[in-house]
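In the part that follows, the structures are each spelled out as structure tokens.
In the two assemblies presented below, chain A is common to both, partnered first by chain B and then by chain C.
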Partner chain A sequence: MRILAIATNTAREVIRDKVLYAILIIGTILIFSVRFIAPMSVGEELRLIRDFGLSIISIFGILVTLFIGTRLIYDEIQRKTIYTIIPKSVKRWEFILGKYLGVALALLFVTAFLSLGFLCYMVFFNLPITLNIFKAILLELIELMLLSAFAIFFSTFASPIGSGIFTFILYFIGHFTRDILMFGKLARSEFIEFIAAQIYYVLPNLSYFATRTEAVHDLDINSYYLSFSIAYGLFYIVIVLAIAVLIFQKKDL
Partner chain B sequence: MKFLKFKIILIIAIIVGAVFIHATQIWLDYMVSPQDELLGEMMYFPSGVFLKSAICDFDMFVANFVWLRAVQYYGHHALTDYHYPWLAHIFNVLFSLDPKFVKAHRFGGVLISEDGGRPHAAIELLKKAVLCNPEIWGLTYDIGYINYAILNDYHEGGKYFKFASLYEGPTGRSIRFAAHSFRKAKEYALAKHLWKDVLRSAETERRKETALRAIRYIQIEEDIEILRGLVKAYITKVGHTPRELMDFVTRDLLDSIPTEPYGGRYLLKDDSMVTSTTLLFDELELIVKFLNQRITAYSAAKGRFPTALDDLIKERFVDNIPKNPFGIAYDYDRSQGKVLLPAIINKFEN
Partner chain C sequence: MTAIEISNLTKIYKSGFLQRKTRAVDNLNLEVEAGEIFGFLGPNGAGKTTTIKILTGLIFPSHGKALLFGEKVPDVSMMRKIGYLPEHPTFYSHLTGYELLDFYARIFGLTPGARLKRIHDLVERVGLASASDLRVSSYSKGMVQRLGIAQALINDPDLLIFDEPMEGLDPIGRKDVKDIILKLKKNGKTVFFSTHILPDIEAVCDRVGMLLGGRLVSIGSIDELLKETLETLAVTVRDISEEVIAKIAESADAVNRSETNVQFIFTDANFCDKTIDLVRKHGGKIISVIPHAKTLEEYFVKRVEEEK
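After this line comes the complex of A and B, so read on.
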């Protein structure tokens, strides 16, 4: 119950943030602006519109995570509001989990808002909407949720700028881990290959959630892949939040 | 008062600065021509592989912009200098970013080979695209087309058309192009085999007729090729050119003269060239069609038909009257204003 209260308050706080409105308005305008670019694509309008829409949802979701997710805990400490919450029999893990769920709810709102704009565009211009588009959006949401878990994790010990930078670097590396594994194999050194494999398995592989190509080209995103990717993301979120709680428990407030 | 003065100075400084920046920008834009700018942007993409790693799985997003840039790049040069040094590079970057963007790869293949004048680079791009999209027969078809139409490598062309036909099926155009390409490569057995496949799967009478006609023509070409080889063998053996094809039989080079599939016969022309009555008739048909067109133009201009075909030369409707492939005079009906074809053939056959 206490977690839910923190989560709803956090979500409300995020949704009231003016930065979020700016992000949503710009995102929606960008989705609709593809109408002006599409004719230049020489018969590839549908491809351009689908990809542009899905990419905008993802990019603006990342912006929300970076601008808002990394600030939440720091702001509570800075504004000293945390000192009114923690002593009131709210456990620290409940606080972290509540904050995370709040961010997740806000991300759900952002994704739903931008997706609605995108789907309205598709319906308005009578463009085909496939199931793959929904699957791709779902996986984008899981990716954003995982990224926000990392943002919360970093914000337990770093400043908003620091955790923002760390989260962004993690996002970049998360889409690069497969290459790390390949580089390890190309190095022809067992030691480097071993290290590369460890890095690959420790860092999150965010490429699993990037299914825009499949959605745009109408390639199959089978249900096994979808469920395993979601499971992978959720397990990761649990682990990252658990570590965040451990660090936060030891934090001297 | 002092603060107000400072504020005014500051505002003036901002305005002057803004004007200065604007002027500098205009000057810089003037110095950098659109072409240089475009080139610079192309050089910005050093490698598609690098880009792919750097853009965090937004491959398609970037690919779309590269695609728009590719279209602009092509359009810009098509309207100015017809010079496309970066075309292959751009489409290779595009391939690295989105191997499934088949339309762009096909478009790029055609542009690189035809406008860019680099057919081998186009084939390389298309081969990579085929590896990622083996089910898209159009890509293999395009490789066949570049080999056939631009490189004039009919064997390679036929090979790729045939490969494309495996996915397109026996009723498509790839198999017909493959057969045609192999025929041009003088690989007659393979060409006939493919046309027989077309014949078997033909769904219309017209398609059947086309296939049958092609098989017969290939047979004619194959026979002529053999007979031409025998002319050389005859000269080596006897020391002079044969007078007629039956000489091959009398000199034991051939058991019998092959039968022409259309019921005509093979001939040895004056210059020891082997041909067939069917091919000569085809040539004659084209000449007669041309002459009749010129006669129509003549009658439209003069209000009467020419009294003889030589009138067409005199009145400058033709430079000369092409020689009748059968070596006989044209059957010109001055009352109808037409060169008659069947009469000529009847004369020949008689």
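After this line comes the complex of A and C, so read on.
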């Protein structure tokens, strides 16, 4: 009950933020602006439209994650709003989990809103909608949820700017962990190989969630891959939130 | 039953690159009985808020322990019996007063019906009934303080911990808060509050604890604390000769003269009686005899200066 109350309040706070509306409106306008770009790619219009639409959903989802996730815990402490919550018999892990679920709800709302805009465009111009598009959007949402877990983790000890930078670096490295491992092996330095291996094994491999190419080119995203990626994302989310709780548990507020 | 039991409580903050240590609370021992109104007094930086934050589980002590109703802080089941108003409270500005109280009530698992009734009662009690549908961002400082008191009472707690509850309130608001505190006591609740508005403490507190430099320097009822200090008596007379004035002045602590009257200040009541006799004997007139008890404020200032 306490977690639910905190989660719904957090989601409400995000959804009532005027900046979010600006992000959603700009995102939707951009999705529809593909109408003017598509004719330039002769014979590739459908792929371009899909690629463009899914990219907009991804970029704006990351923007919202960085904008909201990174300042959530920090703001609670700085503005002292947490002072009237923790003394109300709320355990610290409940607070972190409630805040996280609130962000996840808000991300679900953002992704659903932009996806709806994208699908409306497809329906309006009579373009085929495949199941793969939904699978790609679902994996995109899992990636955003994982990033927001990291954002909350960083915000338990860093400022919003610091958390934002860390989360963005993590997003960037996360998409290249396999390349970093390969680079380490080619570097011919034990130290670099060791560091590259640590990055590969500790940081999440976000390329598991990058299925836009498959969705665009109608390549199969099979159920096994989908289930594995979701389980992989959820596993990391639990681990990251558990570490965030451990830090927050001993923090003087 | 003991509502608050603090034993050897110490809080050391470390700050800066060199981890410089600051002792905010220093070996504090304190007990507050259930049903008491206890005033926690001290200048800025004395350690009042730090102590309160330990009691409410927001920060952790470096040494010692704090028990509320016999349970170690922050025992979650015990914390359900606590209501807390922080210093300079801030609330979610995206919510209305009603929505905010509803959020807190949901944390305590109140049913929708119970929430509605409780919030309605509370907004009436703190004088926010007409503003409960407004966003908290539009509230004045006094309204935020009233909302803070309402949220502290949302779970009908047995122990209220208020950090500077009169802060930002006008005289009417302060009277309302004092009335709320007295009503809480009448209903068997324990109230522990910090303030630097001393007349408020004198008006409502059963006992007072004074904190200076993180240490408890005085504790007791207002009467007990002020008993340590001397009363003064101001005797105002007229129509007496300079010779008599000089004779009385030898025993007086101070002499104030106006065009027609002479006022003698005594800390010893015996000299006052002798003065009255002497004035009458020499045909003078007694205008007034005014006993002047030292206020808590004067006591407070004296103790602060002593500590310095």
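One rule holds in what follows: the second predicted complex is superposed on the first by the 245 of 253 C-alpha atoms of A that agree within 3 Å, B and C clash if a C-alpha of one lies under 4 Å from a C-alpha of the other, contacts with A are read in each partner's own complex, and residues count from 1 in each chain.
The criterion applied here is as follows: a residue touches a chain if its C-beta (ideal position, glycine included) is under 8 Å from a C-beta of that chain, and two chains touch if they have at least 3 such contacts.
Computed from a predicted model, the values in this text were never measured in an experiment.
Following the overlay on chain A, a side-by-side fit with no clash is recorded for the pair chain B and chain C.
After overlaying the two complexes on the shared chain, residue contacts for A:Asp179 are found with chain B alone; chain C is out of touch. Of the two partner chains placed around the shared chain by superposition, chain B is the only one that A:Met40 touches, whereas chain C remains out of contact. In the superposed model, A:Asp51 makes contact with chain B only, not with chain C.
Once chain A of one complex is fitted onto chain A of the other, the partner contacts of A:Tyr171 are limited to chain B, with no touch recorded for chain C.
In the superposed model, A:Val216 lies in contact with chain B only, and not with chain C. Of the two partner chains, chain C is the only one touched by A:Ser89; chain B is not. Once the two structures are overlaid on chain A, chain A sits at the apex of an angle of 160° toward chain B and chain C, using CA centres and rounding to a multiple of 10. Shared-chain residue A:Asp252: touches chain C; no touch with chain B. Per the superposed model, the minimal spacing between any CA atom of chain B and any CA atom of chain C is 31 Å. The touching residues of chain A, counted against chain C in their complex, run 1-2, 4-6, 9, 12-13, 16-17, 79-91, 250, 252-253. Of all residues in chain B, those touching chain A in their complex are 53, 56-61, 64, 67-68, 71-72, 98, 100-101, 103-104, 107. Contact residues on chain A toward chain B in their complex (touch as defined above): 37, 40-44, 47-48, 51-52, 55, 58-59, 171-172, 174-176, 179, 206-207, 210, 212-213, 216-217, 219. Residues 53, 56-60, 74, 76-77, 79-80, 82, 84, 86, 88-92, 94-95, 103-104, 106-109, 148, 151-152, 155, 161 of chain C touch chain A in their complex.
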